[in-house]
Structures are given as C-alpha cells and as structure tokens.
C-alpha cells in the first residue's frame, strides 16, 4: 500500500508540473499575447488618458488671455507650497484699482499631482496637462511661470 | 454589549471609573497606576473578552501626555477606549505587551515618538528612528523640524 | 545595530536581510539569527522610509491630508483615501450622494484586485518563479488604465474627497471594467495552473509560518492574514461603509493558519471583489458625484475613529480634533505594522527559504509599515 | 560533402606534410585549444541570448530587441560591458582563492568538453572511459563554488556554497545511476561506442519505460547539478541575494556566468549522446531507405539540434517553476530520485540480460 501511494504521489507531482509547463509553452508559442510597449519608439502613437495628471498648466486663448483672477485659492489648497501667486494691481479704464496676477509661479519639483489646486480653482484657470517627460538637466527649469508674458485676464471672468 | 451596557458593567467592576463623554465609543479614564488592574480584567473577563488591541497611541496635550488604548472583542464586537494621563516631565506606564502581543511594537513606536517609558517592556529599543537618535521625540508638539518643507 | 552583526557565541550566524535585498520589496531591514539554515530569531528594523506622515498631517487641512495617505499603502491608495474621506464626512455629517458611494466602492474593489494581483506576482517571484509576475502585471495594467482614465493617476490617486469623488467616472469606465472582468475570469484559472496547483509551490507553502487564531488575534493581525487563521474580521462586514451593506459577498475564511491558507484567502478574495463589482457596475445610480461642502472644513472638537478594509487589512484612522482646520493629532493604525510584528513568532524554527514565503503571504508593504 | 571530420583530416594532412611530427602535435593542440575557447565564447553568447528570448516569450515580453537586428548582439554588448567593469575584491576576502575560483569553474567546464563527440568521427579526445571521465571531472566544479563562497568573506556566499556542496554531491548519485542505465545496455564507457550502438534507433525509443525513467531522472539531476532553477538554491536570489557569487563583479562574475551556461550545454550534450543518439541521425530499425535519407542531414546538425532541444527543456523548467527549499531538495534526491533510479537500474540490467530491448 505504501508503494502504491508513493507511485501515486510521484505521478500526481509530475502531472502538476506538466500542467504548468503546458501553460508556459502556450505563451512561448503564442507571440500575439505579448504586451510589451516599446515606449520611446511609440511616442507618435502613444495616447495618454485625457485626465492624466502630468503638470499644472494655465490655458491661454489666441489673444494671450487667461482666466486667472489671482484669488490664491490654488495656493491655499496646495499641500506642498507648490504654487505661489504673485499679485499686482491693474488700473482699469474707469480708473479703479483691480487685483490681477503678476506671476503664477509653479514648482514642478514639489508637485505631487494631487489635483487639489485644479479642484479648488473657482474660475477654471488652471488644468492638468498630459505631458509626462519632465526630466531636465537643471533643476531651476522645473520652476515655471504659468501665465505667459504680457498676458491679460479674459473679459468677463471675475 | 452596547455602549451603555459596557458602561454599566464597567462602573460596577471598577468603582472609581470615570468616563469621557462625546466619543462614539465608551471611553474609560484610568490612572496610570490602575492600568495593570484594569487591562487584565478587560482581556480575561468573559463578559468583556477584549482580545484584540487594534490601536495604541499617545496624544501630546502640552501639559500632559494621554495614552489611548483601543480595544475590541472578536467574539462580541464591542469597542472600548481606555485613556490614561501621564506626567509630561516623566511619562511612565506599565506595558501591556504581555497581555496583547501587538502592543510590543506599538509601544516601541510610542516610546520613540513620544518618549513614554514602558515599564517591564521586554525589548524597549528604538524601532523607527536611527540608532543613537538624540534630541526631542518627533511627535511631541514642541518638536521643531528644521527642514519642514510643507509648513507654509 | 550594525555592531552586533557577526557570529554569536553559539556559532549562530547573524545576517542582514535588507534594507537592500531582493525579497523585501522595499527597505525592510530584518536582522535574522540563523543556526545553519534554521531561523532562531527575526528582528525588524524599521524607519528607512519613515516620513512621519502623522506629524505632517498635523499641519495639513482636512482636504489636504488625504493625498498623503495615498503614499502610505501605495497599493491600496484609493482605500486609504476612502477612509479619510469617510472620517471627515462622519464628523461633519455630510450626506454622500448615492452615485459617489457606488463609484467609491467600485474603485476600492478594483484597487483590491490590483493589489492582490501585484502581491501574487511578487510572491511567486520570491519563491523563484519569475513568470507569474509578468502575467499578473498584464491584468494589473488593465486596472491601472481604468484608474488612469478616471482619476488621472496610476498609483497615488487622491480621487476621493470629503463628500464624494473629485470627478465623475470616465464615459469608458463601465465598458473597460467589463472587458477587464471578462479577461480576468479567463486568466484566473491560469494562475492556478501555474502556481496554486504546482507541487513545488504547495510544498513551499503548506505548514509554513503557521499562526494559531489566538496568537493571530493577540499579535493584532488583520485582513487576509487574520482570516487565513480562521478569524472572521472583515471590516466591510462588521462596520460596513458606503454601499457595502447593499452588496452580497462572502467573507473568505480559511482555517489552516499557514502560508497556503493566507494565499488562498487572497486568491478567493479577488473573485469576491469581481462579484461585488459585477453587482454594482450595471446599476450606478445617476446624480451628483460629490456633495456640496464648505470650502474650509473644520471638524468639530472631539475624537473620531474610522476603519476601512484595505487590501492588507484593517486601516484605522484616529483623529483628535480641537475644532481647527487641521487635526490636532492623527494616528494611522496601519495593517502592515501589526502584521510585521508577528513575523518573528511565525519564523522561529523554520528555514530561511520559508521566511520569504511568510513575508510574501503577510503581504508587507514597507511605506505602510513605516508611514 | 563537407563535414567537420573531413575538415579536420584535411588540416591534419596539411600540417603533417609541412611540419615534423612533434610540431604537428603542438599545432594541433593549440588549434584545439583555440577552438574550444572560441566555442566557449560563442556558446556563452548564444545561450545567454536564447535564455533571454525564451524567458521573454514565456513571460509575454519581447526580450532584448535594441542592439543589432532583433537584438542579436545584446549579449555581445553585455560582454563588453562586463569586460570593462572593475573587478573588485572585497576587504577581508581570501584574495588567492577568491580570484582563482572563477577560473577553476571555467577550466572544469573546458575539461568536460574533451570527450564529447560533436560530429561523426570528430572528438577532441576519444578515450575509452569517456563517461567515467565526465562524471569524475564534473564533480570538481563544486570545489570552485565552495572556494568562491568561502573566500568571499560573506555569509550569503558561504551559505550558498554550502547549499551547493550538499546539492551537487547528492545529485551526482542519481545522475550517475541514470547514466549507468545506458552503460549497462551498451557495455561501453566510450561515447563513440555508445553512439554507434544507437545506429538502429536511439536508446530513448529502444529502451522501453526504464530508459524513459532514467532520462527524466537524468534531466532532473543535471538541472540540479548545474544549479539551474528550480534547483538554483546556491544563488536563490530572494533568499541569499546572489549566493556564492554575491561579491563577484566584472569579468570574474562573467566567468561564473559563462561556466554555468557551458555546463548546461555540456550536460545536455551528454544527455543527447546517451539517450538521443548524439550525432546519430534519426534511424528506425532496418528501414534502410528512410535511414539513408536521414543521413543526408549533417551529423553535427543532429548533435547540436538535440543538444539545443534539451537546453530548451532546461530553460523551460527554469521559467515555469518556483524554487524548492533546501530540505525538500535533499528529500527529493534521497527519498525519490535515488530509490527510483536504483530500482530502475535493476530493471535495466534485467532488460539487458534478457535482451528485451529492441
């Protein structure tokens, strides 16, 4: 009886190994199952998810206008001090002083892409861009000014 | 047992028991000296059977340090919070790691982050902080991190 | 304790496993005392990735501190975020819209599958089988893409906010999840063929790292590790949150207490998660995905404790509030920390190869242990 | 038709006509040495490439595909990288043993190449005790591993070396016994005699079940002897980081690596010779017409084809199975393989005496 059990044990062990080998042979012979993405080569066809959080950008329209009012909601929402809003006072045509942004400084090196600034923005002035290749040779290049030079606030955004 | 039943049973067993109101679970306040009377009772009494210590921590209240023990029972599923106020200048309390083994690591963590000394702990050494750490215990309120990037 | 490394007087070897070691998957540092091949003692040394999240959270507002928790147990970041959001909602008595609740549970379960998927591959790799790792990543990649579509991130989502979720689900979400489920159901049998039924694997797992139910409770194990010892402890069953009380699922319990039992719990849990997703997927209610909340959240004075079932076990969030915008003290009861404390008890007397199996089935994630 | 043996005899003829007998011997030895070394290098490159491609396809990956056409020169690029890397000797290491160990490993695998029959009438050293020689020399390789492990002054290395010692010494037994099965059937220890005895069919077809059992035991045992997964306990990267070669770097590491692959080639060549007829083409009994067609395929192709098939089998094992634990490894040998092959050799002997085989 011991011998029978012994042989049974050996055979069932061999069987389990062969089942595993059959599965790996299947993948060895079926190259269609390969899922490798050849990243730098497929840059042209690479499509990132449209909500992918790559970096914070401020969209401008063709007249070089943005929607940022300088309310600093993003700066307050940010957990890492990534965003610094530097405000100035514009003189409106009616002669009134109006708060506007001078610079919206964004430290990409501190950013954790948590989306809280975009979530907090009341005027949809900033959004997440789908870029992800952020490596540069100088760390200073990671500190960005989000509003373009000489840009203005869009009409009708309060 | 519901919170009320727990409370009734507790005040029956421990006449000196005081309770803290407002929390979602029964919160029992005890003296550090009474810890070793209450804790084995909680663990071994058939009615309580608090066999699962799921959270052990401390809170620095500047004037004193409060130890907080969260207990539950895997048979009755009732929860109990036990608190004990320690002296800020010399925080000391008996260990509970002979009752619940999970306390061994949790107490080591509290020891290094708050400086609470656990009497009779079998292996009270630094767990997270690097060997030879000198200076304040990091989770105390007067600990100031010289390079805190996120403090605005 | 580098000075102690060497040989003891009995001729036992003391060796470092980690912080740089192929089996620790991170910066876990174990100092083990070996008598030949037999383990006499395992001593964890932690803190290599300690960021003091608890201290950091004391200076972050109740909206901000959620993102940090993604970095604790990075494999179940949704569930960590969910726990924080639940705590704030309960303290503030915010009513969460039904749609948000369903979305959150869907995300939780997808995260759980993705986490178990990674665990399965990494554990098989620890035991010397490399192939399962890549096969597991194929399925995990699909989940990651689903997450990327909806949350915009693959690992540290920060998708749940107090009151609901940040954005509505992506229009493709339901279709992609259905595709994933169809593929997963086909592939999960291959897992059994390659690993579970393999005789070598069975022999490596059976009666290895046995921990009795009483010891497991005493050591504060939770999640699949505790359920592998035959103790029912699923937070989703006992303290249901969001829509968990409206779905039918089985709490997986195995009574072996050994590595194989813990392994089987996780494998079967993946199938349960699939069933939860299937129940919810077709009936995602319409409506808001986030409740209206105040811009500045101030928790009332008091203490709050919220637990959620992460892929590794019970995550507890203990907040002491003084009525300010930031917590006065916050404590994360992480499942990995308690699970690790039982490792010494389990490992004594077993072979060094078994240590790998035990670490694998406890599913240690080092940032979760260190916080 | 050109065959390797023809080229060899042409070279020999030319040398004998040009130089005196002593110089002919010297030149021939030098040529043989250079050929073995270059075969080594080429084998190393091909096998590493093959392993990477096999593993990649099993693991639903593409594998190396950057250097050269379809990544063919990847292993050559790796070799260049390893050559220019610094070879460090750790503090506290036994410098002599540490530096000698990789060379010993490579010398052992070179020696093993001598009695192999690569093609018809083409053997470096046709000795009448070829099988015995191979079993004797192959056990020397454990010494290089023990040396490396001990001299590294590293506990992981030491444990890896000790494991490897226990493992190779044990598995030598069942490998030897399964080789004995063939020796019993042919009555010769000479590789060429063994191959010639398979002219009417390979032993795996002629020998019924006992030879199949011997073949399977042989495969398992040599996988263990060459420290390949699932028996790679000597390096077991999840337990011992890299086992006995933890401290090695640069070319000294590369030599261990090369020796591993060449050893795999050699044991597969021996397996192919013993069980699959070596360079002998696929012959079926007395079907002379069929056998004649088969003879048109060069004998060296047959040899390398069979050897690479066995190498693929061993690679296939590696990428399919988890690793055993040390006590299970020894259990497998002493409780399963050894008794089975002992009973098996009795069966084979009975078969040989009663002439039951074809």
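Letters A, B, C and D name the chains as they come in the text, with residue numbers starting at 1 for each one.
Everything that follows uses one rule, which is that a contact is a pair of C-beta atoms (placed from the backbone, for glycine too) under 8 Å apart; a residue touches a chain by one contact, two chains touch by 3 or more.
Keep in mind the model is a prediction, meaning the values are calculated, not measured.
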Farthest-lying chain, centroid of Cα atoms versus that of chain B: D
A-D or B-C - the one linked by more C-beta pairs in contact: B-C
Length of the line joining the C-alpha centres of chain A and chain C, rounded to whole Å: 24
Centre-to-centre distance between chain D and chain B (centres being mean Cα positions), rounded to whole Å: 63
Cα-centroid distance, chain A relative to chain D, in whole angstrom: 51
Residues of chain B whose C-beta touches two or more other chains: 150, 152
Contacts with two or more other chains, residues of chain C listed in rising order: 60, 131, 135, 138, 194-195, 198, 200
Contacts with 2+ other chains: residues of chain D: 58-61, 319-321
Interface residues, chain D side, partner chain C - complex: 55, 58-61, 155-156, 159, 163, 229-230, 232-233, 236-241, 319-328
Parts of chain D lying in touch with chain A, wherever the complex brings them together: 54, 57-62, 65, 316-317, 319-321, 336, 340
Sites on chain C touched by chain D in the complex: 13, 15, 21-23, 34, 37, 124-131, 133-135, 138, 194-195, 198, 200-201, 203-204, 351-356
Of chain C, residues touching chain A in the complex: 60, 63-65, 67-68, 131, 135, 138, 141, 145, 148-153, 156, 158, 161, 166-167, 170, 190, 193-195, 197-200, 202, 295
Of all residues in chain A, those that touch chain C in their complex: 12-13, 16-17, 19-20, 22-24, 27, 35, 48-53, 77-79, 112-116, 119-120, 128
